[in-house]
Amino acid sequence: MSKRVAVLTSGGDAPGMNACIRAIVIACQKSGYEPIGYLHGYNGLLNQEFVSLSLDSTHNLIQQGGTILHSARCKEFTEEAGVKKAAANLVEAGIDALLVIGGDGSFKGATYLSDYFHGQIIGIPGTIDNDIAGTDATIGYYTAIDTAMSSIDKVRDTADAFERIFLVEVMGRHAGFLALNAALSSAADYVILPEHFESTDAELKNIITQIHAQRRLKGSVSFIVVVAENVWPKGLPALTEALNEAGITDVRPLTLGHVQRGGAPVSSDRLLATTLGEFAVSLVGTSSNNVMVGEVNSHPVTVPLDKTSDSKPLNSAQVALMKTIMNERYDC
Amino acid sequence: MSKRVAVLTSGGDAPGMNACIRAIVIACQKSGYEPIGYLHGYNGLLNQEFVSLSLDSTHNLIQQGGTILHSARCKEFTEEAGVKKAAANLVEAGIDALLVIGGDGSFKGATYLSDYFHGQIIGIPGTIDNDIAGTDATIGYYTAIDTAMSSIDKVRDTADAFERIFLVEVMGRHAGFLALNAALSSAADYVILPEHFESTDAELKNIITQIHAQRRLKGSVSFIVVVAENVWPKGLPALTEALNEAGITDVRPLTLGHVQRGGAPVSSDRLLATTLGEFAVSLVGTSSNNVMVGEVNSHPVTVPLDKTSDSKPLNSAQVALMKTIMNERYDC
Amino acid sequence: MSKRVAVLTSGGDAPGMNACIRAIVIACQKSGYEPIGYLHGYNGLLNQEFVSLSLDSTHNLIQQGGTILHSARCKEFTEEAGVKKAAANLVEAGIDALLVIGGDGSFKGATYLSDYFHGQIIGIPGTIDNDIAGTDATIGYYTAIDTAMSSIDKVRDTADAFERIFLVEVMGRHAGFLALNAALSSAADYVILPEHFESTDAELKNIITQIHAQRRLKGSVSFIVVVAENVWPKGLPALTEALNEAGITDVRPLTLGHVQRGGAPVSSDRLLATTLGEFAVSLVGTSSNNVMVGEVNSHPVTVPLDKTSDSKPLNSAQVALMKTIMNERYDC
Amino acid sequence: MSKRVAVLTSGGDAPGMNACIRAIVIACQKSGYEPIGYLHGYNGLLNQEFVSLSLDSTHNLIQQGGTILHSARCKEFTEEAGVKKAAANLVEAGIDALLVIGGDGSFKGATYLSDYFHGQIIGIPGTIDNDIAGTDATIGYYTAIDTAMSSIDKVRDTADAFERIFLVEVMGRHAGFLALNAALSSAADYVILPEHFESTDAELKNIITQIHAQRRLKGSVSFIVVVAENVWPKGLPALTEALNEAGITDVRPLTLGHVQRGGAPVSSDRLLATTLGEFAVSLVGTSSNNVMVGEVNSHPVTVPLDKTSDSKPLNSAQVALMKTIMNERYDC
């Protein structure tokens, strides 16, 4: 039986969202479903603003960053009146299933919506932060690691030339996934993570010890500290000043910022996005509802939407690796 | 107790081999081991050609393609006299453990060597082909996917401009991992895989059906066929000719070739290489012997070296995805 | 006074053609002209197949490879009847000026057309080959150099690992611009150029001398020969065989192929394309006719279309540099 | 006659400095000169800290960012005692010619040094800022444009997704070359340049007019303002606040920072660096002294060192183009 399947992208955009939209459209076409795209996140639901999606719209979409459906914050959607209106609009538009590509906040919205909308709701994890429980990775995460890593590779060139200390702030909201992986893969010398942050004093002491040990061992060389955003009180300027006060000068702060959200997705994100998009459509018409699709150990899984905000630990082997391979290597 | 740990790279080089060497050196330094690098694969063992590796040699090594230890084929090592000589040289050099970064053929050599050398032998999977059982991925595989994908992205530009058919040959030795993932992530229209190859006639018929269906549906558009190497008898020229004979003209063959082996590794390969290098060193001095280290479901594992040439299937979900999302999308 | 300005892309596509289309559309909008895009090169003229171009179509166009107007060969356009029909169609469509983005063959077609079409005809040089006289560079040339160079950088990794000889065929039609610049910028060891090709015997002798000299000086190392297409009789297989016969084994041939035509344009091509597109529109309504716009010493110029196929020499300083810096460095 | 030729890199590092060092070493070897590398800029002269450079050190150097000779500021060199000591050290080391790769400040130092050192001094322009008179481009400039452009391409993805306004600060010291070219090639909507800055009020008014005009014409879309560093009083935070106060919210500031100094050089920088390095060595032993080598209209030239800090205007055609093509396109 034919169905109308709606998709929207919400929250911070992430590379691979378009690849996921493409997979959804193709999978719908295969199943005889009619794919609809709501624009500007949940705002589109409130304003009944949607477009028809066809195979034509998917050509050369897999490699594009951003999202052709646009994204936006939506205050109105946090209130009951807004959510009721969205549910009514979905019914009016004859939508059987709504696919929401987004992160934590987007899934909270989806859960809220499910109180009033009785069609299917399926979440698809799309965020560079990887802070969604129930899936090994989120769409956009892999590309953001590579973008941050490549930027730090470039910073290393100039840090080496001047034997300088660089502080590089990496995104991740309140999670350290991106910072940890960017640090490991760029051979950074130190990383500050929300999950392992003790105190500014303890971290400062560690950094300074490492720098001194490294200089004793190798002479003056570059030293790169990756700092997850939202961890250090008052951010990089405060950390720079604290290091200066401790006699460590020639420190340069750099916030990578929004470049981490853009760009053509790397293959891992394209593959994840394609897998999850197709899997989400395969659930349309089944009893799966109010779930997020994810991938665990290379297999597609479903998780209740209200479990997706559970705490998600860093890979402990990676944390240990960081300690072994990197920042404590001079501690003998 | 201090130990001498030797490492060599053998077989086709792969991006991330240097990142692995770096991790080995740092892990050795942490454990108080002395790291040694044999040059030119197994030839180095035969010629007692090795260098000392220090922390200095690891700076800015994580991002370099190729292998600073060089690689080479080694015929002499397939004969008993050669292997005995290598074992004697290892003893003479006081090597406690030998780490071999390479693929299938390299591990066969390592197994052969274990008949005569009674120190530890540990394999580390390094090949862009991913055709090693006992590990989800091999070092270099992720980078090769991205390189092939980016090349096909570029080919798509010109294929679209001219609405042409392109045949793109991708590496992989006798396995379809690289071809399948490059095809999925570049939105190729068809893929020819060794694992699912029926006959030239059947594949030809499928390709032609797809092209006709696509042109019926969309008018004249580009069409990209990814072809795994060593599958089509007599290669791309033969396939081109067969298509021409079937009335499909404007076909362009392209063999991506050795560019797929080079380049700075992507983050996934740097992380895998770092994990496996460190894990291999952590096994030195334990009872683990004649094993390969690998990663399965994000956890480090060991596998007996003689199991690494077992058959390794493609991810069946990916194969299904390829059929759903891509080449059969016009068959209704 | 308002005018209808038509644009088409013809011949081999080149990165930056879209950036040029974008500049034309914006410049037309500024001047109050109406921009029209003919599709599929000269075929569009024959089939009266065109689309209206608006500012909407230019968003995010500057970074796209290929050409949204498509390109194609057009046999019918080499005959009088075809050209007359095209001229009649242009009149019927009310076109005041036709801008042709393409190469040598495209400009021959444009000149032919000018016998029958009495509106303005302005050529814009777009080809990766840079074989158009009257302009320092052609749109797409800079990107192709970088693409070829990056590919050779990757090949160098594997060539170094195995200390192998690689023969890399680079595009350029019958000109050596791309090959020479790719060779210089990738630190290739030898280059074979159409403009400086003496004989297969002389080149072979030189290559072999260089390889022997290099091996004497440095031991066994990698050696990369860049070969312009259409120079060596029977191509890379013949050169490989000739080297083998001379006792130089471990030679790998690699044809870079159509990847050189695609990809997002580099900044130099985007800037050139934007400059030339805007300049071409600025000539609409002036007495400039049957000219190509170009850039010489960073200034826009016009050249009669029939002078664009004049011989264009390589930069002699670059040729000398190649001899000094690269392939003859071991000849003492 | 054999000569000792010293080279150092000074001031901000730039991609291509290593390519230039490579060319110098090879050219020296061809001429029978002995190349020496001083470390850490002028500090190396003061501390008599140098290394011998050989062909071995040039392998795979062309593609590396940074500088293997390191760079540094050097306060002591601005005082007479320091400069005298440097001159004495050069004599002691038997240096016939000193090649200085750097920017404005480095050439001031070189001029100062020439009062006391009577060997040859030759400058080579290396800086991403392109603010050196007497040469069309400086080594590193092209790569920095591409790096900034690629970053802005990524920012465009997220700006489009959210229909946001982004302020992107680009390097350039006190010159607008980098900002103008990054803006033009990334299709930015507005650019703020030191050479054309009237007042904060005038610029603010223009930006706001453009944004309103664009939104009237196209609805809510992304808008990217490229801002040259050191132009806006108190930088991006102040500009963000000023826009907010004018009712333009959803503004995101981003400072690209030191990533613009690093990375593998693009082909144009490798070619320029190779040309200038070789040309500088060709001047050794001639009467050319206290000059900078440069390239004007694709030909190598020399300029007196004390003319290199003359004012260097932006390309007026580019400035006009920016106005025509970009920020004033909605002003009708």
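Here the chain labels run A, B, C and D in written order, and each chain numbers its own residues starting at 1.
Convention: a contact is a pair of C-beta atoms (placed from the backbone, for glycine too) under 8 Å apart; a residue touches a chain by one contact, two chains touch by 3 or more.
In this text the structure is predicted, and so the values were computed from the model without any measurement.
Among the remaining chains, those touching subunit A as well as subunit C are B, D. Distance between chain centres (mean CA atoms), subunit B to subunit C: 34 Å. For this pair, subunit B with subunit D, the centres built from the Cα atoms lie 40 Å apart. The distance from the centre of subunit C to the centre of subunit D, each centre being the mean of the chain's C-alpha atoms, comes to 28 Å. In subunit B, the residues touching two or more other chains are 153, 156, 160. Pairwise, the chains that make contact are A-B, A-D, B-C, C-D.
For subunit A in complex with subunit D, the residues that touch the partner chain are 9, 12-13, 15, 64-67, 70-72, 147, 151, 153-163, 166, 252, 254-259, 261-263. Residue ranges on subunit D touching subunit C, taken from their complex, read 22-23, 26-27, 29-30, 55-56, 59-60, 62-63, 136, 142, 145-146, 149, 153, 156, 160, 181-182, 184-187, 217-218, 221, 264, 266-268, 270-271, 274-275, 278, 297-300, 315, 317-318, 321, 324-326, 329, 332.
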